[in-house]
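Pasting a structure below so you can have a look.
Read from first to last, the chains carry the letters A, B, C and D; within each, the first residue is number 1.
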Amino acid sequence: MLNERYLPVIATLLVFILLYGYGMVEYKGFRDTLVFTNLLTDNAFLIVTAVGMSFVIISGGIDLSVGSMIAFVGVLLAYLITGLGIHPVYAAIIALCTATFFGMIMGVIIAYFEIQPFIVTLAGLFLFRGLAYMINLNSVPIDHELLVTLSEIYVPLPGRGGLTFIAMAMLALLAIGVVVAKRTRFGLNVYAVGGDVQSAALMGVPVKSTLVRIYALSGLYSGAAGVIFAIYTGSAYPLAAVGVELDAIAAVVIGGTLLTGGVGFVFGAFLGALIQGIIQTLIIFDGSLNSWWTKVAIGALLLMFILMQKAIVHFTRRYSGKNPEPPEQPALEKVEST
Amino acid sequence: MKLSKTFTSMLPALVASTAVLLSSPTFAETYGFSQIGSESGWRTSETNSIKAEAEARGIDLKFSDAQQRQENQIKAVRSFIAQGVDGILLAPVVETGWDQVLREAQRAEIPVVLIDRGVDADPSLYLTKVASDFTEEGALAASWLAAETNGVCDIVELQGTVGSSAAIDRKTGFDSVISNFPNMNIIRSQSGDFTRAGGKEVMESFLKAEGGGSNICALFAHNDDMALGAIQAIKEAQLQPAEDILVLSIDAVPDIFRAMADGEANATIELNPHLGGPAFDAIAAHERGEEVDKWIKANGPLYLPDTAEAEYQARR
Amino acid sequence: MTDVNQPPLLSIEHINKRFPGVRALNDVSLTFHAGEVHALLGENGAGKSTLIKVLTGIYTKDSGDMMLDGRNVHIRNSLDAQSNGIRTVYQEINLIPTMTVAENLTLLDQPRRFGMIRWRSAQSRAKEMLARVGLDIDPNSLLVSHSIAVQQMVAIARALGSKARLLILDEPTASLDSDEIARLFGLMRQLKEQGMAIIFVTHFLDQVYAISDTISVLRNGSHVGTFKTSNLSQTELVGHMLGKDLDMLQHDQRDVTEAEEKPVVLSLSQVGKTGMLKPVDLNLKQGEIVGLAGLLGSGRTELCELAYGSVRPDQGNKAWLGKLLPINTPKQAIEQGMAYCPEDRKHRGIIAELSVRENLILALQSSRGWWSRIPMAEQQAIVSEFIERLSIKTSDMEKPIGELSGGNQQKVILARWLVTNPTLLILDEPTRGIDVGAHHDILTIIRELCEEGMSLLVASSEVEEIVAFAHRVVVLRDRGKVSEIAGNQISQKSIIQAIAQ
Amino acid sequence: MRFKSIMRLEARTLAPIVSLFLLIVGTALVVPGFLKLSIVDGHIYGSLIDILHRSTPTALIALGMAVVIGTKGIDLSVGAIIAICGAVTAVLTTSTELHPLIVLGCALLAGMACGLWNGTLVAVFGIQPIVATLILMVAGRGIAQMITGGQIVTFHSDFIDAIGNGFFMGLPARVVLAAVIVAITILVLRKTALGMFLEAVGGNSEASRLVGIDSKLLIIMVYVFSGFCAALAGVIIAADIRGADANNAGLWLELDAILAVVIAGASLSGGRIYLGLTIVGALIIQTLTTAILTSGLPAQYNLIVKASIILLVLLLQSKVTQNFIKARVQSFRRASDA
């Protein structure tokens, strides 16, 4: 039996197939596997960011800082490798640890100071971009043979296509994300916190530490996206990835994850990012449409998916006796002393 | 029944149209053009010029607007390669990070022409660069200013977007010249993000910070849009632009000529937007097997108010 | 069934718990035995939920001891409670609706290998857990796709886990129908046989007698007594819960005379809603106070909601002043001249951030629309009048209402409706959680309003109160009307007997 | 007793005002002449006036945002609405012969239509505000570019120009205009019962329903108002540079507006609308920017300073910190009593 919670993901997959099919009919070059592997490579950093974002959104939060984090990690990497002469592998580890640490700090502020994630990560958005400016203002090449080697790794496929290192790294991170979400206690706790935070607390889920770990994980994934972006371009630029947070959120939502939390699939974010990528590719293949169509098309898609999810939620709520907003346990009333 | 009948009758037409679709690219040369975006007036005139040039030559130009994002440009170039275009025009948003995608284009034997700025990559990876030299532009501006003020001038500078190559190089070029003049100093320098609003806001703060602007001898703006914003700020501060404060900028968009004609700006250096012709010529030459220079310089001249009215009429 | 000689599974001794301004638990000592269903009874505010929260580690006790198997234990959080085998199922199902049954059952305790959850074995474990409660559902189905009863059973299955020894069921039957309750009881008996100790909190007396072996009654934070179920009559039990000694109730005073024949203001005929209230007939006359009596969960609040129209009934008709009218939204009700003070003051009554003045004026302003704002001077006049008339204690009418005491909040909410001069005022538990002085004030106001010709429908768990002012009493039980007592027939004894029947 | 409650009120309202004051004094110490005001040609002239002048767009959209947030909502689309309305103004001025007043009316209507769209999604379809407005945030700039054809449309209209750059009674016209809008809003919210209803809906929607308040209509109105404010800000921004820049106009301004509301002390979970303090919040943000610009601090420090100050304000405002401070103050009092 088909579980109704797979519906949004299946719908996303169908839209993807339809768009791809349209491209195959309309444009000759589209039939090569190259187009598909390009999608994987070109959207790798976005997909990785969206995977981290999935955890945040499934938990009912939001992370606006990811785009700045990508830029910051890139600039930091460049500084460590070319500025300090640290081997890229160690530099990447340092950069990833830094990103995770910053994510964790935001998580601590969100969990323990009880400030809305929107505002905290907004401050993060400004802060990380600012830190990137502090390290370096220019776009600088990251000169190291390892990066060149990595970007040259290529598993050719029939039809001009090929899996690049970046695509493979992305697929690995995606797989890890899927496994963490579905096969670890932490992952299930994320779903529980997003599904109903009060119940989760009563069931014994350590809500606060889970929140901290979620934002640390998002920091780690956007950091990894930053490393991937650095390999992808072989350079670092403090203005890179402006607005990627919105793309990532859109990818997650198009992939069938509810922004209210609790419902969604990490794999959906992958499909959501691919759909955005394929719309862009179609527009480039057409070559006469202006780029704003990308924005309008993505907006329309977002609307469509949100309305569809609304319908599904409405449908399932009918069978649930649980109030959409369960009232809190009435607190003990104070008795007047005078 | 009826439906299937209709379908069968349509089938030959479908096949035929598909065949046409498949073969259509062979009729004309197809080039791809990855543009940075449409963030300034100059950028738009460049886009329009290249589109018009392509149309005049009967080239099927695939245009892609990257909205100031490098990743979008890389995607566009890759899509062009997948599409099998005959040549690619690339206006890179930043200088670094192109090696990989250029190598892919080279493997696919598609010539890439860089438009209006260079990249930090092995020159063998691209056919040529059709661009002016930002550093030279900065230097030219500084030289004019030095001559105009006899080497004595307190300058305020409106930088482009922090980190952009145009901003960095124009500043470098400008600085390299004025460093030879001990009495020329940049007293204030801030980023106006290449936008009119940014230019206006930053200029306002300069004027405030420098005692209402009486200390300022000249304004050097990294593009015309910021200068146009700054001119408004100067006017609103009850100063006469071009007289109380010299206004010098780069790009030569129509509106700055209007301002010069109105006596509100002193000089602009043309950043030539008509790069399509040389770029297409270079690709054609390459196809004929000719050697092409690695840098086709397209530096524009410095324009002064005397020709402004005529230029404005010609360009609008 | 219970072996008295066996040491108790859990005993608590001299437990005290204070909150600012209130003594929630006052020297409570209780023992719970394995293989025993122990009903914990008491009206609202008696301390049941505080006790449960102390047992499960959500609250920490101020003083007293807890002994598990004769050993002293300290339970600091819910994980402590769980590892000691104390498990709880709440009325509000505390599971994650968006997750599957299997995920809910195994959350935090999934079988793993190398840190990876093994879903196959998790599912078979979930199946086993479901089998223990006699459920045969697909563990991969979403929790929300099942009825509340099944969700409740899943919650029990989760609570039982592998090491449960003491199961606390906190009003588990509130939203179940009779078949589902029978099923639950079957399960409870089965668990009892297996040696589980069960604490059963409910408001349904029938259920207490159907399943429990022992009854403990709490009142105002104190332990009233523990009784063998078989030795305690329902009437005695209700008397204990309400703090009334039935023998003393023979001669209670009534200074209320029967209302004369006045026109009917609101008439409900067969108004009800599936799963909420069985169809009810009710006529409210002008200048009459009708009391709604019944234990918690008997349907008092539900009747108020349906009468007011804040919940749309799915059957029956309403007539207002003799005319059939659709009164299905608060707006329609207010237009006709109705007013409603809900029971849950914090979540449905006050708007905590707004000032006393704003809260007080809100209903009148709403009936006038947003454009014609009541001038500030008039507002202040109205507010000070009512602050004085209801003796609302506040330093300042601009103080946020959230900072007032419960009794004064209640008076403000009451005043909110009085300023609209309603024809019919519905009050649900108007004296809940307020001090003696305010309590007296509110009863006085209710009487005065009635004398002025207002009709009132007052739901209350305090029988004494109802006897004191009601012209007629509607007794509810198990979400339905069981009887109507009028005039001289009204006495605490008659009401309690009607409830206990 | 009365004195005490005034004190309580003051402490809350004072914080943003004192911050603004300190910021101005601090800047004046670093930048001589910062406080100087002079009258040139009958216009008041000086840095302080500049701050007022520059902050009008932020203040206007923060005004709308304050009302939206008061009802437990959020409007992410204001930046995009600014772009759309600027585009409408520019295109109508250049390509039609319409009277400038009609052009202005069309731009305002366009903004209100956007607001109606948002409000409908939120109130009628019950979509979370952050998601509902995200759709227009993503698609809106595309729509604006569609209107302008992707170019910066330069236009000349004396009337529109007067709005953006003119003077009225010695003060910048747009400051006067914004002040009038703020005053009208305050009047409407305080002199009708609207403000009370909005706060009631934001504070406790169930209690509001029980007293017969129609929250749906109110919520739609709120988003329409926010659209109106954004439209006016859009016209001002376009008038400022005499051109419509669909890419950059109002970019990230929604974040500044939300920040202004949060600085004013309003919680993102609704219930209170502080219009005056929100304007103070907008002034703080602008003073910060102007201070950085005039102080000669390199441009790359802007974001860091901004982010640090935001974080500081957030942490100070958080319940956890406030409770901590309260406890400290109480124990101090107790100690001093004893």
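By our rule, contacts are C-beta pairs under 8 Å (C-beta built on N, C-alpha and C of every residue); 3 or more make two chains touch, one makes a residue touch a chain.
None of these values were measured; they are calculated from a predicted model.
Graph distance from chain B to chain C, where chains that touch are one step apart, equals 2. Remark: among chain pairs C-D and A-D, A-D carries the greater number of C-beta contacts.
Centroids of chain A and chain C (each the mean of its C-alpha atoms) stand 44 Å apart. Centroid to centroid, with C-alpha atoms defining each point, chain A and chain D lie 30 Å apart.
In this assembly, the C-alpha centroid of chain A lies 33 Å from the C-alpha centroid of chain B. Each of residues 133, 137, 290-292 in chain A touches at least two other chains. Taken residue by residue, chain B touches two or more other chains at 37, 65, 67-68, 162, whereas all remaining positions touch fewer.
Within chain D, the positions touching two or more other chains are listed as 145, 150, 300. Inter-chain contacts occur between A-B, A-C, A-D, B-D, C-D.
Chain contact summary for the complex, chain D toward chain A: residues 74, 125-128, 130-132, 134-146, 149-150, 255, 258-259, 262, 268-269, 300-308, 310-311, 314-315, 318-321.
Those residues of chain A that touch chain B in the complex are listed here as 25-30, 32, 34-35, 38, 41-42, 45-46, 133, 137-141, 148, 151, 160, 229, 232-243, 277, 280-281, 283-288, 290-292. Remark: chain B residues 37-41, 44, 65, 67-68, 159, 162, 188, 190-191, 193, 195-197, 200-202, 204-206, 208-209, 211-212, 225, 228-229, 232, 236-238, 255 touch chain D in the complex. Interface residues of chain D facing chain C in the complex, by the touch rule stated above, are 1-2, 4-5, 191-194, 196-197, 199-200, 203-204, 206-214, 271-272. By the touch criterion given at the top, residues 62, 109, 112-116, 118-120, 122-127, 129-131, 133-134, 137, 246, 249-250, 253, 259-260, 290-296, 298-300, 302-303, 306-307, 310 of chain A touch chain D in their complex.
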